[in-house]
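Next come two complexes built around chain A: one with chain B, the other with chain C.
Showing the complex of A and B:
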């Protein structure tokens, strides 16, 4: 198992290296990072030249990348155009985004299990058909429009009850009470709508997948034999069938991580979160090479780690993988 | 023979036909509008921020654009992008996937690694970064379509590779090889026709992805640039006004969702028609 995980990790190294170089080169070629500094009144040419020297703008791109990569493996992601160290900056934004994404994945899986297994037990029922139409529409709905829709609904709901129940802008209030409870309540109030947006989209695909897997497992001989032995249906479905029906879902969830992080960029824009999405868009707008590449490095690592986690769950569910 | 059976199956799934009709209707309406009033989406009127009326079926925005004409124009641009991407990505993906599956070896490794690259890196980064540089070109929608094609082909490649791998081992391929047919001929005449079903399904998925990515980019202000417009741009403008002028947000959004559902319905119909066993599960 350990060897399997290490091999998986090693496989992802070239992917991360190539993609970080691509982003580095593309952002480096995209414009002048010092344009803002130059435009500021009272900034001397010497200041601009010094900053340009510090950012090594005169060197060719591959040399700059190698220099950056050399320090990146030691945990130093360089400084932004504004002079702020990139690593703490990216990690701060990552915390904000992960809060939304991880919760959305958990909610999405829970919802997919309930809907998927529920509809699988009554295939072709009214509920099942409604579920399949609804999930098709949700899957086809662009995430930014769904976010905007939920935001509008949230605002109207707040107006209706006369106070702010679900927040529609930002990831936190500027000032919250000092107690832990009020901080948690504030964060949760801000989380509801963005998380719901991501979870709904994820759930739409996953629930159909879970439905198909459950139906297949329910027809398997070992489930029929469990039934024949007179086990209660609750135990047959909940224990015997579910365990094997979870295996395909784990694989799908793992492959969707990158897409969910991509969707989070759009959700953050709609709900005005200061997370990874904002960070990336700002970095690209400013041609900030170090921030954009740091963003990519951290995001790709998160995807790789989450994929490994999914592999572990996969192995826990399927003994054939543990002892190949 | 297989194709007539497939056609009959397709008729049993009216969703696909409805989806195709829906898309054709949007495209036809946009083309007609473009002919009658080529600059209609750009023309300003004195009706600022008007609610939907007979004069302006979808209302107007703050500077007097007719939203109906804008939505039609935007839908057309989105569909154009989607069609270019579907063709380019399907051709590229099929070619490379078939090569990887038939040749194996280092060709296969290289193409498989490229596919991994797209799956590990959120596609939106590549697009956001590249679009920021390239969209100042004149035909911005074409640039966006090319960009999306670059990230969209690996999905098809993966599907085609798997299909080719399984067909390659069949006896008629060995027979063709024994007869001395060239690899290219075997691929085109013997192997690919047997992979048409997965290619067709994956093409509709590509189309859906293309619409979603193009509108997302335009929503972020990095896609189709002015004076052109796209449904994503319109949603972005309408989003801030959803509370006071809901038509600006809801009309472009509903047209966009309808288009996406149409594409999904075509894909779903194709899939059940080409793989009837799947339906009974």
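Showing the complex of A and C:
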């Protein structure tokens, strides 16, 4: 197992190196980070030249990349066009995004299990048909539209109750009260809408996988045998069927993780979260190569680590993986 | 002298009769609040800030943004601030800076005697001198082809400071600067100045020393904390020497980069004040909000068409005249700006703007569209109708790219209007949208455009700005304009020390622009300020100052 994980890690290294160079080169070629400065009246050529030198814009792209990569392996991702060190900046934004995404994944998995298993146990029932329709509608709904809709619903809810319970902007309120309860309530109030948006979209697809896997497992000979032995249905489903039915979902969640991060970009914009999505958009808009490449490096690392974690969970669920 | 009255001339306790009297002098100001209302004690205002600072030294090119200025405007030392009517108030000075009677190129400034930093140290000439030295610091090691003078520090704009040949400390509070040549806009100097002692102690010095904290305050508010990506908090500066004293406990800058999010946050009681770039649907949404008042102003940024005078056809004045007679500026204002405000108007001066003292409407010939005259001008210049009804000469059709930055609803609508208006005259317009990087970084500097639609920013000191934009050979003179009449007036205006004579010369500069039709001004861009009704005395200052110009008088509405 350890050898398998190390092999997976080593395979990801060239992918990260090549993709980081491509992102670096593409963002560098996409424009001039000092373009707006050049357009300001009163800004002298000397000022532009000084900034250009600080950003090493006079050097060829490959030379700039090698310099950046040399620092990156030592943990220094350079500085942004605005002069802020990139590593803490990216980690700060990553923390914001992960808070939203991880909770959305947990909520999405929980929802998918409830809906998927529930509809699988009663195929072609009203509940099953309603679940199918809802899943299809959510799958067809653009994330940004759903986010906007939930935002409006949240505001109307607040107006109805006469106080701000759910928030529409940012991940926390500035200078919240000192009590733990108020801090927790504030954080949860900010998490509700963006998390629900991502979770609903993820749940829509995952619940269909879970339904199909559960139906397949429920018809498997070992489950029929368990039933024939007279085991209670709750034990048959909860212990014998569910464990195997979770294996496909684990794989799907792992593969979908990068897509959820992509969806988070839009959700962050709608709910004004300063996460990885906003960071990438700003970096590209400013032609900020260090931030864009730092973003890629950290995001790719997160996806690799989470895929490895998924492998571990997969192995825990399926003994054939850990003892091939 | 409203700000001077508000910040300097009054003494006494919070909202004393003296303070209220001073505030009443603001009754003729445009904006939200005609009179200063009585304020309750304490309170917190949350402002939806679209831009987050990178750092606090707003004199560096990296931080010379409105997002930084909004924060530092009430923290750093300002000798002078612009009033909403573009007059100025010497908020940090004992009196207006003045030329020495016997040596008019030497100007003397006197810092207010009671001016001090929040750490109780006095604001002195040492602070000013350190700032000046950093702005003008040179380092032989930094000499390069792009930086032949070897400027050592990142400074956004040295205009005026680079004409000081001698800086003299008279005493702790008084200093003189000798200019060569004389610098007419000296009254606008010495703003946004941090404490020298604090900056000297920072390892990053000028360039990065203030990246995390601005240091002690010279203004009504004090920096408290900055949670990057989230918010920045200013608190009341109890040591502030001006009056009326601020009553708000704190001003919170909540970083919400998207205007739509700001409006939703205002509706959801998450922020109290927004100042987004207005769009029609955004203004309509704000109008529907309960408990929120809003105002539309017209700021110092004006939309215009810059003609590329090196273009073979646009170099012909008759063609530019045809365009000026073909474009119905009144219709553009009517269609695009009147939905915002009934006060929206065409601007007929590219140097001194509407609402500024000294504004004169020039270019009377072009105030109304005149397609017949446009066609006659073209025919007089040898153009004849060709295929599609468009004019052409020597087989070349009058077909121009109208280049601008993409993603701006207002610009796209006005381009469409101009395209159809000029088609009637017989001139084809091809709309070209570019990214800001390509527009400002590539197309404008290299002259790769025919007609460019963008905005320039004016201000209370219009001559310096206009001189940088339209003087022969100036870096920002993208259209390649060159006029002895303009250059002469600009040169004289830049050296003129008398404000009134400066305005006369500013108008002379604009007349030259109209005579040559180097630029066609359209309108001043609207601003939108929306504030929760529970706050009082907040109004926009449509100069470069923005709404934070009078933050010391903001407060929560006093319960009746």
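Rule of thumb we're sticking to: the second predicted complex is superposed on the first by the 312 of 324 C-alpha atoms of A that agree within 3 Å, B and C clash if a C-alpha of one lies under 4 Å from a C-alpha of the other, contacts with A are read in each partner's own complex, and residues count from 1 in each chain.
Operating definition for what follows: a residue touches a chain if its C-beta (ideal position, glycine included) is under 8 Å from a C-beta of that chain, and two chains touch if they have at least 3 such contacts.
Predicted model only: the values in this text are computed from it and were never measured.
When both complexes are overlaid on chain A, the residue A:43 reaches chain C alone and has no touch with chain B. In the superposition on chain A, A:31 makes contact with both chain B and chain C.
In the superposition on chain A, no contact is made by A:227 with either chain B or chain C. By the touch criterion defined above, A:265 reaches chain B but does not reach chain C.
When the two structures are aligned on the shared chain, A:187 is found in touch with neither chain B nor chain C. Of the two partner chains, chain C is the only one that A:169 touches; chain B does not reach it.
In the superposition on chain A, A:15 makes contact with chain B only, while chain C stays out of contact range. Across the superposed pair, chain B and chain C both touch chain A at residues 30-31, 151, 155, 269-270. Interface of chain A with chain C (complex): residues 30-54, 80-84, 89, 92-93, 96, 151, 154-155, 158, 164, 167-175, 269-272, 274, 278, 282, 287. The part of chain C that touches chain A in the complex is made up of residues 44, 46, 48, 54-55, 61-62, 64, 142, 144-149, 151, 154-159, 207-208, 211, 227-231, 233, 250, 252, 254-258, 261-262, 264-265, 267-271, 435-442, 444-445, 456-457, 464-465, 468-469, 475-476. Note for the complex: chain A touches chain B at residues 11-12, 14-16, 18-19, 22-23, 26-27, 29-31, 136-137, 139-145, 148-149, 151-152, 155-156, 212, 215-216, 255, 258-259, 261-262, 265-266, 269-270, 280-281, 284-285, 292, 295-296, 299-300, 303-304. Considering their complex, residues 113, 116-117, 119-126, 128-130, 132-133, 208, 211-212, 215-216, 219-220, 232, 235-236, 239, 242-243, 246, 249, 253, 256-257, 260-261, 263-265, 268, 281 of chain B touch chain A.
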